[in-house]
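Structure in structure tokens, see below.
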Amino acid sequence: MNGVKVLLFGAAADRAGVRQTELSVHSGVTLGELWPILVDRYPALVPMRDTLAFAVNGEYARMEDAVSPGDEVAVLPPVSGG
Amino acid sequence: MNGVKVLLFGAAADRAGVRQTELSVHSGVTLGELWPILVDRYPALVPMRDTLAFAVNGEYARMEDAVSPGDEVAVLPPVSGG
Amino acid sequence: MFRIVEESIDVGALVTGAFRPDCGAVATFVGTTRVDESSGASVEYLEYEAYRPMADRKLEEIGAEIRERWEVGHVSIVHRLGRVDPGEPSVVIVVASPRRGPAFEASRYAIERIKEIVPIWKREVWSDGYVWVGSQVGTRSRHEGRNTASLR
Amino acid sequence: MFRIVEESIDVGALVTGAFRPDCGAVATFVGTTRVDESSGASVEYLEYEAYRPMADRKLEEIGAEIRERWEVGHVSIVHRLGRVDPGEPSVVIVVASPRRGPAFEASRYAIERIKEIVPIWKREVWSDGYVWVGSQVGTRSRHEGRNTASLR
């Protein structure tokens, strides 16, 4: 497959209205390049941008980190456990 | 009665060999004046002097505080609860 | 022992399970649902969700950080998911150490780190709507100074 | 609730008994008998005694000091007397507060104050004699840098 699985949590899932989606990407795309594709589909996420963190395959990642088809990307609002 | 009850605890009871005794005093004697009478009876207490605190009727007291017949004096080594 | 659970937490068993003859101090922190109140509304319960297994791994990382920084004989962290009613525990941290200083410091460190790095989220369900804590996203609009409405 | 007891302490009941809907944080400290070792000898158990009822009153005073200094919903302190075996609790402190900062600070304060003002004494019973902690009076003579022998 040439998609990445995108998981959304908490307020991000709430605003997007989905908890999971799949985006088609070419290999080597960065998280920063993935974001416009995601918000194109879920524009309600736009105002959350500055509060979000991201994980790739279960580890925190930066916007310049690359994503490959088959990866799992997670959209993480500010954590609030405890 | 014209005695004060003296209770000893922990290391003080250990060194004196008793947990309780009674000393005859005149009214208005201070704790500081009581001490020589006590160590006359239990000389093994002498080396502990600087480590001890005292209570009169269940509250911490200073050496200049007065003791009256009927009072309860407690000889308190450094506390080590917890 | 680091666990994320769906059911209620047996706090007593966790605490007594930390007692060891080589430790003289056991510090425990329990986070419980607090009924906040404002403008006539109140919190009815909290609801937690997690990104697993990342959240499980982050709890283990916190345990490893603690063992690097302090001399501890036992660390356990259990976090609950789903609905947690008022006065019920959502998180329990237990640290045993030979001495009390490290036990206190490590247990405090654990809860602060949980709130920083573990992908768990809580939703306050109020009598008049809900709020995702930290994001201020939700359905409450009438009361909060926290700008719940502006994001909707 | 402030108590001095002769029997073993039900730690789980004390902790869960502090959960309240108006508090979000419960900090607990448990002091347990630690098996210290030196020069081939080891601690076999601790033995505690108290000057009562002064000790009971001092525990209550510590509770009052805590309520003056911090916003707390619940404070309990239980201290055990007599023989306390390795890994067994001698003291349990539980503080519930709306927020975690005061809960941590108050529970730490409680144990420090107990060690300062509550007339309770502990004797370490070693495999080769005993020592009154703090006084260094006892029957151990061969090992300690603490001048056990010089006072005898």
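Per-chain residue numbering starts at 1, and chain names A, B, C and D are given in the order in which the chains are listed.
Convention: contacts are C-beta pairs under 8 Å (C-beta built on N, C-alpha and C of every residue); 3 or more make two chains touch, one makes a residue touch a chain.
Treat the numbers as computed from the prediction; the structure is a model and nothing was measured.
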Name the chain whose C-alpha centroid is most distant from the C-alpha centroid of chain C.
B
Expressed in whole Å, how far the mean CA point of chain A lies from that of chain B is 74
With chain centres taken as the means of their Cα atoms, state the distance from chain A to chain C in Å.
25
Distance between chain centroids, defined by C-alpha means - chain C, chain D (Å)
27
Between chain B and chain C, what is the gap in Å from one C-alpha centre to the other?
50
Residues in chain D with touches to at least two other chains are numbered 31, 111
What chain pairs are in touch here?
A-C, B-D, C-D
Chain D partner contacts - residues on chain B that touch it in the complex
7, 9-12, 14-15, 47-48, 51, 55, 58-60, 74, 76-82
Any idea which chain D residues touch chain B in the complex?
31, 48-51, 53-55, 57, 79, 90-91, 111, 114-123, 132-135, 137-138, 151
In the complex formed with chain D, which residues of chain C make contact?
10-13, 15-16, 19-35, 86-89, 96, 98, 100, 103-104, 107-108, 111
